[in-house]
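Lettered A, B, C and D in written order, each chain numbered from 1.
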Amino acid sequence: MALVDIRQLGISFGGLRAVDNFNLTMDDGQLYGLIGPNGAGKTTIFNLLTGVYKPTDGEFYFDGELMNGKTPIQINKKGIARTFQNIRLFSNMSVIDNVKTGLQAKYHYSMLDGILRLPKFGRMEREMTDRAMELLKIFDLDGEAEQLASNLPYGKQRKLEIARALATDPKLLLLDEPAAGMNPNETAELMNTISLIREKFKVSILLIEHDMSLVMGICEKIVVLLYGRVIANGIPDEIKNDPKVIVAYLGE
Amino acid sequence: MDFIQQFINGLSLGSIYALIALGYTMVYGIAKMLNFAHGDVIMVGAYVLSIAAMQAGLSPVMSILFPVIVCMAACTILGVTIEKIAYKPLRNASPLAVLITAIGVSYFLQSVALLIFGSNQRKVNSVIPKFSLSLGDIHLSGEAITTLVVTVIIMICLALFINFTKVGKAMRAVSEDKGAAQLMGISVNSTISLTFAIGSFLAAIASILFVSSYGFVGPYSGAMPGIKAFVAAVLGGIGSIPGAMLGGIILGIIESMAKAYISTELADAIVFSVLIIVLLVKPTGFLGRKTITKV
Amino acid sequence: MLKRFLALAVAGTMALTMVGCGGSGEGGDAAAEGGSDVIKIGGIGPLTGDAASYGVSTKNGAEIAVEEINAAGGVEGMQLELLFEDDECDEQKSVNAYSTLMDQGINVLVGSVTSACSIAVSGESQKDGILQITPSGSAKECTATPNAFRICFTDPLQGQVMAQYITEQGLSKAAVIYNNGDEYSKGIHDAFVEKFAELGGQVVADESFTTGDVDFKTQLTKIKGSGADCLFLPFYYTEVAYVSEQAASLGLGLPMFGCDGWDGVIKQLNGDTTNIEGGTFLTPFVPTDSDEKIQAFVKAYNEKFGADPDQFAADGYDAIYAVKLAVEQTGGDLSNEALIDAMTKITLNGLTGNMTFDENGEPDKTAKVAVIENGAYTAKS
Amino acid sequence: MKNKKNIIYTAIAIVVYLLLFALVETGTASRQMQNLIVPVLVNIILAVSLNLIVGFLGELTLGHAGFMSVGAYAGCMFTVSCNLPVYIELPVAFVIGGLTAAVFGFIIGIPALRLKGDYLAIVTLGFGEIIRSILNSMDIVGGSGGLKGIEKSGNYTVAYVLMIITLIVISNVIHSCHGRSIKAIRDNVIAAESVGVNVVYYKMFAFVLSAFFAGVAGVLYGQNLGILKPATFDFNKSIEILVMVVLGGMGNIKGSIIAAVILTVLPELLRDLADYRMLFYALALIIMMLFSSNPTLVEFRQRIFSRSKREVN
């Protein structure tokens, strides 16, 4: 059974059809690219999948369960985590606290434990800190653990967002332009990291990206969106040579 | 019969609220700050009016025009000065810091008025010629008619100004996105200063009509109408000019009706409950724009 | 960074506090010795905020009394010193003011001006046993503690007297407006409504408003349709001025009655009393009274403060004279017990009437009725 | 590391209490200062609890005095109507006051789920006014004359203990995963939801907890003063508390404490200014806000401070 099964998903804003008849299936551990020109509806699809927007039609099954109508929180608990195109960190919290916020669902203790500082509080906090440091190490952020998130340079902020998303222990990770604003070196490094986390966390990834080298380099399959509709879906080589895609990107 | 009179009472009270609310909404809409001192600028205006009205030896027409003009000039200058000294340095600070500063300015104006004029309320003679409409038992004072007419005219003028003049468009641009407006060559600072000037000018008009309707001014006279007008502006959708008008009138009528037919003791509680309920159903007020959070 | 800024401020505050402590210690000692030649009278009332006019008037009236007494050689060879503190009409700040005054070693307290503050302060002053005279705290509980006395009438008394008076005028259908946010107004209202019904009258409209309201048209419109034959307005002159003007604009035309808070309304209306002509209210003090004492006071007040005194000023003035009489009664003994004991023995021939005080701290004096006629108050006995 | 910090805080708490004890019991402190201890502690509780909503949750409310008043009335009504020994009555009164306020915190938390920023501010302001209006016309609690005859059983020891409890509870919450959730909501609601933070629950929780302590502070206020008047709990009271929070720094508990101390004591020390007191307060407010928020002035202030520091060294 496929991990992700999206059937004829669509949404309208007023009269505007932002996404129409979107179909996608993803298997466990797959790395899928989602590309398309600006305004094609890529981020809208992410918002539909994570419950920020409610689809006007179609169904979204995740791990065999219907996700339509679920809240972002419920969807996250089912195992979908995401990053944002315009970075959304908890900017006035420390780097490690950003990650710990993502870990909380797993290492939970009650309000009373927290207020009275019962033993469970200490134990859970310690485990959380250890786990958070592990995650930060992967992204080479362990040196900045106590810094304010907003003080990190841009590239590191993007990485922190991925680390925070991973902290919720997702089965599916949605990355929205993770390489935006990075220089080629940083992008190359990011490609490595993405491959690494995919191996290490056994997580499926759906990736929105403008950087073609990144997408073509690491994605197993790619789906291309134009004006809210899918115009191509296949392996990178097919996409590269698809006349419709070329037209969409380069014009006639 | 009573009902119609009560409705008219509400209308005249509401048009005062609406007039003050227009000033609130104007400043909020463009500068995105709650000018808590707006009510107190009105209070200062009323004092200025009362002093200017004592000027002797003027022709009948001038004896009305002179205080009005002096009051308008004083309020506008005061408003712009407050903006320059207290608000402008905080242009990029947190909204809360600005709010507290505005409250500080409000306290400042109150205590200065207290020191200069003392704690007793001062009688101010109406600058509106005495006339009234009577229809059987129903009375409509000249002040109420004037306030209503002036408020409607101002609302229309403001709406036209904001939508169709170049300066108005610049204001809207600043309201949408300060950064982008700056890039388009709009001077954000002078636009906001101008907004304050207009807001304070509106305060002057409000103070003339307020004091003409009620006849007295004290150091704290601006506080309560200020809060009520603020509520009116929010009710109508803060930032929206027709909204301020609508909110003011509705607030006045609700207040009047609640006092007349439910309970005078709980009228304020009822007014605020209506506000809360309206906001729960329509979180941006009657005519407020819904902002879509972009993810 | 801000933290350090604040920390410095705290340090500064502390330093000031220490200085404050030092200064106050001396004051306390001086009082304890008792042999000093100054009687320190503490005063508390609102000098800022909404209710400021009451406190300012009281303070002014008290100052005139102090100057008069000192000019005439003081009391028992001692001069009076008035220390007046602001309480913004807030109970906590009133108690704070009281503590500050105690630090300065006051012998007698004149205050607080408003009821709730006075009650809050008496909770503390009772512990110290100091004589407390509230000039204008009219709530019943203001004199609940054994050390507390008052100059003014109580609220219920005023309500009852006015109910009686209105009934005597042959009026039986009263419309009442009162300030729901003000104890004074509500206290008079409650007693009035009760007494009026007892006397066979009927309250046909019972309306309220809250402090800060300036629009009374709704209430007046209701009253207009209620068939009332008189209007009772138990609240202060500021709002009375609004009501009278608006009643006129609605063409109400009912005779108006009020309480001692009306005093000052003529000045409020700039002398134009067209709309309140014939208004009758209960007052212990009428500035136009031909009484020599009153005229002297009005003159002195006008010279010093450039205005006509109101009833608060008269209450403040009388409170100081009550202190003077009490000190004379004890023969200069400033101990708390002696002064409190002396209070019940004195007869004060004051601006607000001749009065004696019972052990409950209540004054026994007659009420005068004043009528507003041709831009002036006229006393009517 | 953490333990060391806790020990220091405990030590400070004890030393401060001993200092208060010494100053009061020996009579070294002036009456004015003794009398100010409880109001200062009440204001600390109010400021710290409001900071939970304004500073940590990031929602602006102008109705904190409303929570304070319902708590005060509920708790003090209990002590007035029951005649239990004070050591039973007082703690129960605090709990009743706190819980009543907490219920109102829950009610006002509901609009907070839907409204943001200035809209929420006006709703909370309205809520405070509604409470005041209702209290004014409720004769059972004394109406506008206020609730009188409350036994004055609050003293500085009780107040100090309550303040310490408030500080411990709120700071422990802030430094737990629950506090992180609250701060996450403040920093970015959408991101918080995306990592599974239950926004509804934590917003409600912050309002309820904050209201609880405001209610406790209210009871303490009433027990110390002996009288409660609805007019005390007006919009200006809420503003006064808010000013403490903003001045002390949003999300900064120590700052709230310091600001509460200054803003309670300062007006009393300024009594000599008499008529100019409010004017001075207003100016101080404006200047302090300018100095803490205007970039140029902040830099100027930092330059001066760093220079004076160098000179000292």
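A few remarks follow.
By definition in this document, a residue touches a chain if its C-beta (ideal position, glycine included) is under 8 Å from a C-beta of that chain, and two chains touch if they have at least 3 such contacts.
Because the structure is a prediction, the values reported are computed rather than measured.
A comparison of the C-D and B-C interfaces places the larger number of contacting C-beta pairs at C-D.
Taking each chain's centre as the mean of its CA atoms, C is the chain most distant from subunit A.
Nearest to the common centre of all protein CA atoms is the CA centroid of chain D.
Remark: subunit C and subunit D have CA centroids separated by 33 Å (rounded to whole angstrom). For this pair, subunit A with subunit C, the centres built from the Cα atoms lie 71 Å apart. For this pair, subunit B with subunit C, the centres built from the Cα atoms lie 35 Å apart.
Here the CA centre of subunit A is 48 Å from the CA centre of subunit B. Shared interface positions of subunit C, defined as residues touching 2 or more other chains, are 48-49, 180, 208, 210.
Contacts with at least two other chains are made by residues 133, 136-137, 190, 247, 275, 278, 292 of subunit D. Counting partner chains per residue, subunit A has residues 52, 84 touching two or more of them.
Residues of subunit C touching subunit D in their complex: 1-7, 9-10, 13, 16-17, 20-21, 24-25, 47-49, 85-86, 89-93, 95-100, 102-103, 115-116, 119-120, 123-124, 139, 141, 179-183, 185-187, 208, 210-211. Listing the residues of subunit C that touch subunit B in their complex gives 48-50, 52-53, 56, 180, 207-210, 212-215, 217-219, 221-222, 224-225, 238, 241-242, 245, 249-251, 264, 267-270. Across the interface of their complex, subunit B is touched by residues 54, 60, 110-111, 114-119, 121-123, 125-127, 129-130, 133-134, 136-137, 190, 235, 239, 242-243, 246-247, 250, 275-276, 278-279, 281-283, 285-286, 289-290, 292-297 of subunit D. Of all the residues in subunit D, the ones that touch subunit A in their complex are 168-169, 172-173, 176-181, 183-184, 186-188, 190-199, 205, 251.
On subunit B, the positions that touch subunit D within their shared complex are 28, 34, 86, 89-90, 92-97, 99-101, 103-108, 110-112, 114-115, 227, 230-231, 234, 238, 263, 265-266, 268-269, 272-273, 275-276, 279-280, 283-285, 293, 295.
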